[in-house]
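Each of the next two complexes has chain A plus one other chain: chain B in the first, chain C in the second.
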Partner chain A sequence: MLAFIIRRVAQSALVLLIVGLVAFSMFRFVGDPIDNMLGQERTQADIERLRVQLGLDQPFPVQYYKFLEGAVQGNFGVSYRQGRPVAEILLERAPATLELAAVSGLLAIVLGIALGVFTAIRRNGVMANVIMSASLIGVSLPTFLIGILLIYLFSVELGWLPSFGRGETVRVGDWWTTGFLTPSGRAALILPSITLGLYQMTLIMRLVRSEMLEVLRQDYIRFARARGLRDRVVNFRHALKNTMVPVITVIGLQLGAIIAFAIITETVFQWPGVGLLFINAVQFVDIPVMAAYLMLISVMFVGINLIVDLLYFLIDPRLRVDRAGGH
Partner chain B sequence: MKTALICSVACLALTSAAGADTLRWARAGDALTLDPHAQNEGPTTALNHQIMEPLLIRDMTGAFEPALATEWAPSPDDPNVWVFKLREGVTFHDGAAFDSEDVIFSLERAMTEDSDFKELLASVTEVRAPDAYTVEIVTDGPNPIMANNLTNLFIMDKGWAEANNAVKVQDYEGGEDTFAAKNSNGTGPYKLVSREPDVKTVLTINEDYWGKDDFPLEVTEIIYTPIQNAATRVAALLSGEVDFIQDVPVQDLQRVGSADGLDVRTAPQNRVIFFGLNVGDADLANDSVEGANPLADVRVRQAMSKAINRDAIQQVVMRGQSAPAGMIAPPFVNGWTEAMDGASTTDIEAAKALMAEAGYGDGFSIQLDCPNDRYINDEAICQAAVGMLGQIGITVNLDAKPKAQHFPLISNLDTDFYMLGWGVPTYDSEYIFNFLVHGRSDKYGSWNGTRFDDPAINDKIVSLASQTDLAARDATIAEIWQVVQDQQLYIPIHHQVLNWGMKSGVDTVVDPEDTAKFKYFKMN
Partner chain C sequence: MADPVLSIRDLTVEIPTRHGILRPVDRVSYDIAQGEILGVVGESGAGKSMAGNAVIGLLTPPAHIAGGEIRLNGQRIDTLGPRALRRLRGKDIGMVFQDPLTSLNPLIRIGDQLTETMLTHLDISRKEAEARAIAALDEVGIPGAARRIDSYPHEFSGGMRQRVVIALALCAEPSLVIADEPTTALDVSVQAQIIALLKRLCRERGTAVMLITHDMGVIAETADRVAVMYAGRLAELGPVRDVLTKPQHPYTHGLMASTPLASRGQARLHQIPGAMPRLDAVPDGCAFHPRCPAAQARCTASPRPVAQDGAAACWFPRIKQEVS
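The block that comes next holds the complex of A and B.
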């Protein structure tokens, strides 16, 4: 078990290093930050001076090494765009993204499972078919379009919900800000979390439905019914429980995706999270912010994968049996 | 339970707590910093204009107006010196008194290496103060347009900067957070209440402002929220969540203008859009002609200009929101003439004849580099030009890229045919010539991608900086323009038009530099 963990952690570290290297080799294709940093009145001499000052005249492996050197000491450099330490900016932006991801994740899981079970049980019902057809929208419409449609309906036409921003936030602790504690903060969460969670919700719903239909055909379900157990017990105690193993794996991986792909939702709703920060960084060629964000996201994905691997190890007895050489 | 919660939140009508004199303001970008000398960039300067003041300011129509200086003129004794009489009795927001020490400190700070404004003060050798309310700016030669360069140069409080370790302009190397990047202490009409970069900035009126009786000052609180996505920005105005937005996309003008209780105000912007051509190299990397540069022939350049149908671009691509241009100077600029600006005409037959005369009757192909996120409908303008140039046999391969990749092509001379836009903060042609017409050198021509480098013209451009006889100076400007026009160094397209959307009660004119100065705003 320990050897397994050590091997996986070592592999994860290698993956991180490679992600960083690929990222740094790509930055020069994003553009040149110098023009954004100097005003219209810059001279050729200014350009050269700043390029040397920032180390952008160095080949990218050298730039990458310098980044790593700083990163292991917790120093991610200074944002070219805002002139502030990157670590401070990321910490300031993280709560907005994490709260949005938490709410949309919860929405996706609760509604996804509930609707999945419903459509599986009432397989031929009118309502179930309506939900299944409607779920196609969630899978096929691009996120920004859903966001804009929701804004036009609920903000412009009905005037119920705000079209942008995070509302009033309250400071909790040293660096966490939350929108949960104010009415405007809660209202501001609704449209972005629906937009962000819709795809995951339909995905979970369709997965639960098909897994559930599979399980409902199993012999032990038939025997349970034959024993005269109530529908509710059969459906939820026996069927749903056995459906959940693959569903939980997918949910784990989708949580990472929600945080990583909040970029578009955050841009549409001007949500002040790390996704919007990243988009601005790309447009400005803010290399320190892009590098730190990409590393952060890959740490998160690698971490989630590591945990999922370890969970398999714990959940699935067959893995352990094989290792032990069989009884 | 879940649905009940959603409803209880949703059913709260979103009425704003803001009072009648609060103005909620949105534009695409946020100020990058509050440090007044770190970034010479539109939104940064616009926010700083509310909090801080320069010696003299341009009002919303572009005319000079006194701010921290009450009078200014070249010294009668020495043509190399400008004398500024400072306003007395002005205090900074923290209560400190304003005097000549602060001006010397601020201008010297703006001249340091990390300042983005140092080029505007490049001719300054010394700033000195004979007394507490007089400042003399000494230049290395007579500088007839010194005052033009000062309208965005903000004055900081020396004592405040020293006390808060903000003497140095924010630099990117140090890794230190400059205090002045997030805090501000100016003399301006509004005080900073709170600021979260990229999220929200709140300003409130400065009750001790020196100009309390001179300006409307009807906006008493400003809430500034950047909204990057154009559709969301328009939606926020339509739903009444903001009162005033800049950068209304042309396709939404109709919608905003026809909405109840909303107005659109439109005015020509201080920015002209044009194509640049490589006229200097012997051969081009990005064309189909071997061993020769078709763009070096002035007839080809004139033919290309005649092939561009500027009226069609205005009507179709810009939906009427532009003014066709014949020269690369906006109409506000000293040196602009109606005759030159109206000179571009479309004449396909004449263009074809010119092409044939130049030996390119069968045409050629060339790459056009174009930004796709910098100017209004930039890529669409280029697409239109591709079709128009095709009519005279020039096959154009369009390469549209984000601005961060496009502009380095011009800096590094990697493009032969490119789009560029230019605004003139000094309102004088010298600024255009310095950057776009003078040959490339360490100090001049940094945006000149044409490879045009004529020593006689260069000398004339340099002479403008110290020519104090304004009539003679204007004559030199006219001579240089004549060459630029005759040589067809650039193919002008149009002057951009600015659109501001606002609640009907808000009353303002549109600033040609896209800088809202709220002390001039009226609220009905």
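The block that comes next holds the complex of A and C.
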């Protein structure tokens, strides 16, 4: 078990290193940050001075090495645009994105599993078929369109919910700001989290459904029925547990995707999170911010995957080789 | 004579399809008395498992019981609703499946699978159920039962898993056990042990057993009576000695003649010409007549002969003739 964790952590570190390299090399094609930073009346001397100051005159491997050197110490440099440390800016924006992602993720997982189980158990029912058809919309509509439709319906026409921003926030602890504690903050969360979570929810639902239908065909489910166990026990104890093994992998990946794809939702709703920060950074070729954002996202992806792998051990006894008795 | 534990009368199972109605079980009747083992034999697709599934109420839709009646201890059970049937399963009828590798839930400890079954059907405390679970494992010959109770199915071998399955089928003390090919998936060396175990436990408890198999050897050693099925119909029903040594139905006769016996010392095994008809092409009259060496005009016409206990479904049964 320990050896497994160490091996996985080492693999994760390698993945991060490669992601950093790819991301960093791509930024060279986004544009020249100097163009945006200096005004109309710049001289060639100004440009050269700034280039040296930012370290952009150095060869690519040196730049990458310096970035890594700083990154492992939590120092992602200074934003070209805002002139403040990137780590500070990210930390300031992170709560907004994480709260949005948490609510969307919870929504997607709880509703996705519940509806998936429902449609699997009642696979010939009218309601289940309605849900399955409706889920096609969730899978096929692009996120930004769902967001815009929701804004049109609930903000413009009905005027029930705010169309942008985070509402009032309350500072909790040193750097965390939360929207959960104020009515306007909670109201502002509703539309963005539906927008962000809908696709994941339908995905999880359809996956749970198909996995569960597969499990319900297994002999051990027939045997459980032959033993006269209650339907509830057969469905939720015997079938759902076996369904969850493959579903957990996908849920893990989807959680990463929720944080990563928050960019679109944050843009639609002008949600002051790291995704919006990234979009603005792209416009201004703010390389330190972009690099730090990508590293942050990949750390989350890799971290979630690691947790998912460990969850397997918890769920499936067959993987716990070290304590197997017989055979 | 006491009421039989299980009594099936004219049981018919139908599957509606686009090409018409299939009858995997067609007017089958048999009884199983307390403590009796009825062997149900036949080729794959002869309807023997389907009849078992109909009795325990586990037919997969669209298959359904279309006629006849099933009585368990005198009470009619084919007309029960799903809830009542559910309570019957496991408590009054236990079932053993073919493949022990797939019939146990891989993610649940075997002790928990045992206790959940007992707690569903018996009015006992969890502590008592746990004690009984250990006793049940001990009874089916799992060494170190108290220790193995917390093991997962994958930590057992195939034979041991089938023992666990038998413990599960018997843990609520049902009056009838349906064993659907309980040894087919096992090693030959383990088969005899499992059959002996099943036989011993049911004898001790007076449990009636429906032993579904295509293994004539198992039938000869275990069963008290035999039901031979062919194309969804009962071909012959009677005491095991009579059916095996003096088969009346030409199909049973052919079946016996094609079973290798060391004492017979044949060079070549007998073979019944042709194959069992598909369910959508069962011929009129006796389903066996196209393959039957003794078929006559009457065999090809309706009504078909229907088997009774001790009387084969044949217009021209072979009488008192040893298999040569």
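Heads up, the rule we're going with is that the second predicted complex is superposed on the first by the 299 of 327 C-alpha atoms of A that agree within 3 Å, B and C clash if a C-alpha of one lies under 4 Å from a C-alpha of the other, contacts with A are read in each partner's own complex, and residues count from 1 in each chain.
The rule is simple: a residue touches a chain if its C-beta (ideal position, glycine included) is under 8 Å from a C-beta of that chain, and two chains touch if they have at least 3 such contacts.
Remember, it's a predicted structure, so these values are computed and weren't measured experimentally.
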{"item": "Contacts of A:Val233 with chain B and chain C, given as first, second, both or neither", "value": "second"}
{"item": "First, second, both or neither for A:Gly252, with chain B first and chain C second", "value": "neither"}
{"item": "First (chain B), second (chain C), both or neither touched by A:Ser163", "value": "first"}
{"item": "First, second, both or neither for A:Ala224, with chain B first and chain C second", "value": "second"}
{"item": "Which superposed partner A:Asn242 touches (first chain B, second chain C, both, neither)", "value": "second"}
{"item": "Touching both chain B and chain C, residues of chain A", "value": "none"}
{"item": "Partner chain B, residues of chain A touching it in the complex", "value": "29-45, 47, 49, 53-54, 75, 77-78, 80-85, 88, 92, 110, 148, 151-152, 154-156, 159-166, 183-184, 186-187, 190, 267-270, 272, 276-277, 279-280, 283-285"}
{"item": "Interfacial residue positions of chain A with respect to chain C in the complex", "value": "218-220, 222-231, 233, 237-238, 241-242, 245, 315-318, 324-327"}
{"item": "Chain C residues within the chain A interface of the complex", "value": "56, 58, 86-91, 94-95, 97, 99, 102-108, 116-117, 120-121, 148, 151-152, 154-157, 160, 165, 168-169, 172"}
{"item": "Of chain B, residues touching chain A in the complex", "value": "2, 6, 9-14, 32-33, 35, 38-41, 113, 116-117, 119-120, 170, 172-175, 177-178, 181-182, 196-200, 225-229, 231-233, 235-236, 238-241, 373, 402-405, 407-408, 411, 423, 435, 440-444, 446-447"}
